[in-house]
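Order of writing sets the chain letters: A, B, C and D. Residues in each chain are counted from 1.
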Amino acid sequence: MPALRAAPAWRATEWFNTEAPLTLDALRGRVVMICAFQMLCPGCVSHGIPQAQRVAELFRPDDVQVIGLHTVFEHHEAMAPQALRAFLHEYKVAFPVGVDAPEGDGIPQTMRAYGMQGTPTTILIDREGRLRRQAFGRMSDLQLGAEIMALVAETQNQAMTTAADEPATEGVCTPEGCR
Amino acid sequence: MPALRAAPAWRATEWFNTEAPLTLDALRGRVVMICAFQMLCPGCVSHGIPQAQRVAELFRPDDVQVIGLHTVFEHHEAMAPQALRAFLHEYKVAFPVGVDAPEGDGIPQTMRAYGMQGTPTTILIDREGRLRRQAFGRMSDLQLGAEIMALVAETQNQAMTTAADEPATEGVCTPEGCR
Amino acid sequence: MPALRAAPAWRATEWFNTEAPLTLDALRGRVVMICAFQMLCPGCVSHGIPQAQRVAELFRPDDVQVIGLHTVFEHHEAMAPQALRAFLHEYKVAFPVGVDAPEGDGIPQTMRAYGMQGTPTTILIDREGRLRRQAFGRMSDLQLGAEIMALVAETQNQAMTTAADEPATEGVCTPEGCR
Amino acid sequence: MPALRAAPAWRATEWFNTEAPLTLDALRGRVVMICAFQMLCPGCVSHGIPQAQRVAELFRPDDVQVIGLHTVFEHHEAMAPQALRAFLHEYKVAFPVGVDAPEGDGIPQTMRAYGMQGTPTTILIDREGRLRRQAFGRMSDLQLGAEIMALVAETQNQAMTTAADEPATEGVCTPEGCR
């Protein structure tokens, strides 16, 4: 098996629902799930965010840290941090959410570093800080629960293979538009 | 039966998805359904707007005109017309949408004139321009279909009574907050 | 407009949820909705029967009579009246249900008289006993509510045209098999 | 931690979807999920069986064996093996299903041996043949996926603790009746 790649650090200009900015290094030892979303992306609102909320409720925080990342790549003025604050309040999102560092009106920096195709994107990082899964679109709860637990169950340095169907992509947004 | 009340005129400062502003007078002869919503209201996004889209697709435009009304009573800066434009684009809302005339940071003018409790609110106006139904929260498709058709079927000056269960109110927003 | 056809009489060998057998003649003056189903038809269990239950709850019995018709055309031994009785109990079906008169192991008599393609089939009969709608598969609640109300609203001898999309047919059963 | 209990052997009088009867001993080395159901139990049809189908599709057969168990404790005549055969065909159930050995008209033998409360019941057995989870009612896909993967990931003799919310119980059936 090839060596696993360390997950890139994220770059956020602002954080909500946390007293201090979160860093990947400080989360070493936990599984990290990143829910990359845009507040005006239909597939994020109907699927990605509610699923991340379910993950945050089911797993113990010591095992799994859920993080939202607002990766705005379109309609920048409509999705400014102030609008995001209202969105998080109305949708009762309680997990920490960072604002991906913008790069003008284009793809923001963390989105680019990970090579994400669009939103929603689900990213799983293992206890050692290695990137283990990156999925654009909708994953089923059954598969996501299984993949997270596979990482939770790892106590050593080895990787497991998991069933990996392609997620569905209705309602997603890419830089070319939303489907 | 008491005399039916004429529906108040709406006051909109801006329109989307229509070449010219719509007026109640000009729609005389058609049944009008108003979907009053806020773009950051969870119950509007998950229920009210998709239902209005289904109504707009099912009935003939000559019989039923669906109109969205953006009745912003909170988070005014996050829901400005420019953000609404992005929202309508991403959610593929094709029916005409008016921006309810703001009244400072409080209840906008049409919302106040109708005495709406919050969003989503569904309003039905008959072919004669009379207010026939105002429901805060979620109506079932079965009931809404029946109530609209009851008005479509009226050709004269008389009113029909329709079964009128109370709609459900999960996910709605009122000036006191969203549920 | 061509003359409307009188709905064929149904032929049932047994009834549940009613003290006496129901006849079309005795229901003259009401709109009748027939939900033709089989207890082992997936599309009937997930869609047709729950929808008929919603109709039975929404409309007034004086306006709309909902009737189930068990049109068994396959697996006859698994769907005998005694099994149907258990099914109706467990699924809490409260409206009257008749057992379509069998014709050996083939298409039962009422199903044949109406020329039904399979199950679920929704049939609407107007206050004058005329067949106004016959739909194989899934109708949306919005459309069904509208079509029923169109018939409820008729007080005289004339017919109205209603929007009539083709219903969806996932999970339905035909004599050639279930989809 | 107390010693884990060996899962009781199941007793089936008949099998579908398998050439030979399945035994717990022969499945040693795999995780086994038992979906105990009744064909006329609403919560089994709407939730338990579709969920078991998703599990059977997601995991590799070498890792997880899904088994249906028809634990009939009511309406025995309506749910005889011949009716079950028709049910499995119409609902396209492809995993092996055993008929729990009846005990007159009461609780069948495997159901009694496990002390199941009703249907649906989900049972997880680890690679060593030990009973690890027994849940009456509805488990979420997220939790079930996680719990199964926790067992799949075990390669040695130790047990892991998993998050264990109580499952929901709408639509379930117990010997006292269906909810």
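Here is the rule we use: a contact is a pair of C-beta atoms (placed from the backbone, for glycine too) under 8 Å apart; a residue touches a chain by one contact, two chains touch by 3 or more.
All of these numbers come straight from a predicted model, not from anything done at the bench.
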Chains in simultaneous contact with subunit C and subunit D: none
Longest centre-to-centre distance from subunit C, chain (CA-based): A
Chain centre separation (subunit A, subunit C; CA means) in Å: 48
Gap in Å, rounded to a whole number, between the CA centres of subunit B and subunit A: 35
CA centroid of subunit B to CA centroid of subunit C, Å: 34
Overlap residues in subunit B, where contacts from two or more other chains coincide: none
Every chain pair in contact, whichever chains are involved: A-B, A-D, B-C, C-D
Subunit B residues touching subunit C - in the complex, by the definition given at the top: 51, 54-55, 58-60, 140-150, 152-154, 160, 162-163, 165
In the complex, subunit D residues that touch subunit C: 40-42, 45-46, 74-75, 77-79, 82-83, 85-87, 89-91, 173, 178
